[in-house]
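Right, one structure below, let's go through it.
Note that the chains are named A, B, C and D in the order they appear, and that numbering of residues resets to 1 at the start of each chain.
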Amino acid sequence: MSVYVDENTKVIVQGITGHQGSFHAGEMIKFGTKVVAGISPGKGGTKFQDKVPIVNSVADAMSFSPNATMISVAAPFVKDAAYEAIDAGIGIVYILTEHVPFHDTMEIVHQARRKGITVMGPNGPGITVPGKCKIGIMPNQIFRDGDVAVASRSGTLTYEIVEAITRSGMGESAVIGLGGDPVVGLTFIDVLKKFNDDPKTKKIVLVGEIGGNNEELAAAYIKANIKKQVVAYITGRSAPPGKRMGHAGAIIEKGVGTAESKIKAFNEAGVKVADYPVDVPKLLR
Amino acid sequence: MNLYEYMGKEIFRKNGIPVPDGYVIESASQLKPFKKPSVVKSQILLGGRGKSGGIKFAKSDADLKAAASELLGSKIRNLTVTKVLIEDMLNIKKELYVSIALSRSDREPVLIASNSGGVEIESVPQNEIFTKKIDPLLGYSDFIGREASAFMKLDPEIGKQFRSLLVNLYNVFVNEDCELVEINPLVITGEGNLIAADAKVIMDSDSFFRHKDIVITDPEKTPLELEAQGKGYAFVELDGKIGVIANGAGLTMATLDALTLHNGKPRNFLDLGGTDNVDIVVEAFDLVLKANPKAILVNIFGGVTKCDTVANGIVAAKNKFSIKKPMVVRLSGVHEEEGRQILKDNGIESYPTMMEAIERVVKVSEVQ
Amino acid sequence: MNLYEYMGKEIFRKNGIPVPDGYVIESASQLKPFKKPSVVKSQILLGGRGKSGGIKFAKSDADLKAAASELLGSKIRNLTVTKVLIEDMLNIKKELYVSIALSRSDREPVLIASNSGGVEIESVPQNEIFTKKIDPLLGYSDFIGREASAFMKLDPEIGKQFRSLLVNLYNVFVNEDCELVEINPLVITGEGNLIAADAKVIMDSDSFFRHKDIVITDPEKTPLELEAQGKGYAFVELDGKIGVIANGAGLTMATLDALTLHNGKPRNFLDLGGTDNVDIVVEAFDLVLKANPKAILVNIFGGVTKCDTVANGIVAAKNKFSIKKPMVVRLSGVHEEEGRQILKDNGIESYPTMMEAIERVVKVSEVQ
Amino acid sequence: MSVYVDENTKVIVQGITGHQGSFHAGEMIKFGTKVVAGISPGKGGTKFQDKVPIVNSVADAMSFSPNATMISVAAPFVKDAAYEAIDAGIGIVYILTEHVPFHDTMEIVHQARRKGITVMGPNGPGITVPGKCKIGIMPNQIFRDGDVAVASRSGTLTYEIVEAITRSGMGESAVIGLGGDPVVGLTFIDVLKKFNDDPKTKKIVLVGEIGGNNEELAAAYIKANIKKQVVAYITGRSAPPGKRMGHAGAIIEKGVGTAESKIKAFNEAGVKVADYPVDVPKLLR
């Protein structure tokens, strides 16, 4: 097993007949991902692109032994779709959808944790292991097989950095988007553990942003546990303090969350922080 | 989305959380006759309103009229007061603090309470603050309130009121899809009642599809931001001079960061999102032009959004709005070559990397 | 506690589950004028009412009066009909089955649904029955209804109504603390509507402290059982002749079992519970004597309930009610010797083991 | 460790100042149980029987490192008390209270399972390991240290059978009451596993009753997994069919639940079933 997924990962797509679902399912198939079934209630019995069977429910898709699902349904229906996947016991639940109410995500994440299931997203680009499996919406052509693992809280910015890595002559062992919402399934620490255990991964890139304390916790974890080289980029340095979580947020996250705090934490953990996305490959020695 | 105090209190009232009797006015002519000593509170979204002169007390009808007239239309730290809340003055014996907030790292609500209310909670020593995570699959349970009451050393009668208030506060947090519900101060009155003297409520705007009864215009957005929101763009006005259009929140933010590091000040944040539609690009230019920047930077990493589509959109916008201001475009990724050819054919300069485009736009904006 | 159909339907109506228009009467004089073809349904707690003649149809005012008069006061399998429900007749196109029930072994609710309704669900082949466990910490979620609808091959419009009904049915199950909510048949009408033609609701009587609005007399209890319930005893009337007082539900049931294996038929089940109070014992005798047994067996294993207390209670009851019927007492456990001495001093026979007491009471009851 | 508890088990009592709580806490102390603290909101700082500290909350009691709690509060407050104990991470939650709504118990049991916590009861007599620890309400004087483990769905009837075992010259390695409610924390199978793993236990007695399919499942489990001798007693043979769970119950539990069904299942598993409680010791060879 590579990081979370590999060439044997069988993927279903909840909402495969939707605009986003069908486009990205098609791209995933082009990438080489084993898309074994699509879900579209009421359309069971038809096929996607004349090949992939469409069924009415995740329960019906279980005969294809899926290990992962991509959920691409409208935000109000995401919680139900995720519960359906968790109920069926699918190990990886990736939620493409944006604008999911975070109260729904909280419940999804807690229920998934209870059942030992990994949630990726919502509102993230998914996961790509070059040459093996892509689940999500990252552009197919930016990757090259290599030894740099990337985890990011962002979408397009991730592609920018991945492409810079690829252009520099290096390649990627895995690229994971955590998701841009206030509440998402994965933390940097979750992913760092996987990167650390993956023999193929030699170098690690973390792409963080302002808000929350995910980066600060990751920095402390790296200092204590990670021997592989880690490089970071933090976006939002120039953002005005404007939107905050009110006073209570400051208490919960103990005054952290600014770009300065995150950069400082990384520097203290021996993690070099790039000023520009394009600088990331230069810092990877 | 941050709610005004009076909106939060309306939600509290519906959910059984005691608040002072009161009403909101937008003009002094709406004042009701003076009955009891009152507080006149500017409805603005700022902490420390009192210190900034935004809260006044009225012990007579004349006081009341003076306070309302003075506050309405006044500016407090750059915000214009358009509404004031008139409330019965409380007989304050003690001030507590309580809130329920989302903890992003734990992905669950956290109850925060303190015996020391009425001041900024950040200024209260850690050992005087009670915090407790609440499991979203279980919800609030009374033992949490008992632990909090014991920590705060509330007397039994106040403790009972406090625990009952917590049930309702948690219901507000969940049922109204809140990021934060905060009462500071939560007042113990001389009569022995617990009353929410303030209300800070932040709702998750992604949840509004299930709160269709609530029609709220985000009080913190500018008119242009509201227009952009109505059109489905993530758009924030800033105080610089370089208009920015990019795709993806992270890339857009990184663009602003890079501009700033190059001493270029952005005029706005505009995320095109992941669409592949010429009209979306044209509409984005409309918004950015309304912000009247000195130059415009477009930074696209093509994926779902293809570079040639964006290029066609830029050309269409240039023609439609007769744009004379300097434009610098960076196109990279899917259909990059086609896109750059389209721009070249229309006399618009473009670059393959973000850094080149940043350096160029800063330079051209300086000569404007 | 089993609710009458009309009570269940009232709960359904409040919770948005469609039921036929109708009303309940206790006397034919309460009949409203005939308007539409109607069903007249005896309100008794028995399956297969139709087959037993408990349901009649009325196509005219005369029919209606005849049906109501005939059913009210009639006996159906030993139960007297005291109430009938008059309902609009449905235009039945198809009958489905749906229920949510507690699974004791899984400790969670189970949804059961079938395309084959209107018959006893036990008679439906397993492969035509959809079952799905519902996690009590999550509750019902729409995918469950989608799975059920697909299994039942419901057409999209009926499937939509069915899924909306399931939301409400689960709310009833949880909010009314039910062991079972069952709709059989759930009717698809000719007009394309889904309507609950019957309602079987069993509530958990331990939950009644939070359903104080509901004042229900358990329709399955005898007057003596209701009296006992009011006094806090677990008491069931049976059809034998030996009155039984014991402590603990298991021991009481084991006492009835042992009596039965000895060809002694118990008159009742009465569990004293774990109290140590003379008055509780005297009151228990009052109840058992009202059931008019031929002999009385008291079987006590002393623990929390001490043997001497029980002995004092027996003596007090004997004196208070001037009991002449044979009484056989078994006392064992805490304060056994003291208890047996008290009984001996008052001429009441007692034994240290259950088997001796059983044999003895069967013997003395036979000579009565 | 003996079965669930041993001489090192530290017990707290939620509701120690109540009528039942104080009586049984006193009896447990006489038995030799280490009762380390009692909970009674508002009475923190006082002592029970001049020895056992009383505190306001389970959180406050955690300084005494309890492993188990006895909950003896009124039925409407049991769910909250159980959540409090589970939240604090106490490994064994025994609920003495009767008449707890089973919807509350369902939630308690699911939450406890999620956190790896054992729930005993509600409405059961608790657990006794002679010479080591008693939690609950079983009379102290009926036990003798020995090798017979007893699990029962009943209270008083358990004492009857335990006393018969003791009188016969044998003794008990552990006695557990599952609880008499429709929904309880433990099944016979849960307890059989513990009995099987306990080296001291040589013989096993199961005291079942009509309703549910706990006994039938246990019989199948015994047949497949248990080599130790098992004897059973089933009460309710003479009960009229009267109270049933309606038709749906029959579907869920597939026609089982009668005394005949249970006795048949046990006989098929090679488990002798006693006709009378007093016969149990005779069947233990």
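What we mean here is this: a contact is a pair of C-beta atoms (placed from the backbone, for glycine too) under 8 Å apart; a residue touches a chain by one contact, two chains touch by 3 or more.
Here the structure is a predicted model, which is why all the values come from computation and not from measurement.
Q: Select, from B-D and A-B, the pair of chains that is joined by more C-beta pairs in contact.
A: Between B-D and A-B, the larger count of C-beta pairs in contact belongs to A-B.
Q: Measuring centre to centre with CA averages, how many angstrom lie between chain B and chain C?
A: Distance between chain centres: 56 Å.
Q: Between chain A and chain C, what is the separation of their C-alpha centroids in Å?
A: A distance of 54 Å separates the two centres.
Q: Would you mind pulling out the distance in Å between where the CA atoms of chain A average out and where those of chain B do?
A: 27
Q: Give the residues of chain C that touch two or more other chains, as numbers and ranges in rising order.
A: In chain C, residues 137-138 touch at least two other chains, as defined above.
Q: Of all residues in chain D, which are in touch with two or more distinct other chains?
A: Where chain D meets two or more other chains at a single residue, that happens at 107, 111, 114.
Q: Quick one: do these chains touch in a line, a ring, a star, all-to-all (complete), or other?
A: other
Q: Which two-chain combinations qualify as touching?
A: Taking the chains two at a time, the touching pairs are A-B, A-C, B-C, B-D, C-D.
Q: Across the complex, what residues on chain C touch chain B?
A: Going through chain C, the ones touching chain B are 137-138.
Q: Considering only the defined contacts, which chain D positions touch chain B in the complex?
A: Residues in contact with chain B: 41-42, 44, 56-60, 77, 79-81, 83-84, 87, 107, 111.
Q: List the residues on chain D that touch chain C in their complex, please.
A: My answer: residues 23, 75-76, 99-103, 105-107, 109-111, 114, 137-139, 141-142, 152-160, 163, 180, 182-183, 187, 207, 209, 211-214, 217, 233, 235-240, 242, 245-253, 255, 275-278.
Q: Write out the stretch or stretches of chain B touching chain D in their complex.
A: Interface residues on the chain B side: 135, 137-138, 141-143, 146-147, 150, 156.
Q: Show which residues of chain C lie in contact with chain D when the two form their complex.
A: Interface residues on the chain C side: 2, 47, 99-105, 107-110, 112, 120-122, 129, 131, 135-137, 174, 177, 179-180, 182, 184, 200, 202, 204, 206-207, 209-210, 220, 236, 238, 246-251, 253-254, 256-261, 266, 274, 301-304, 332-334, 353-355.
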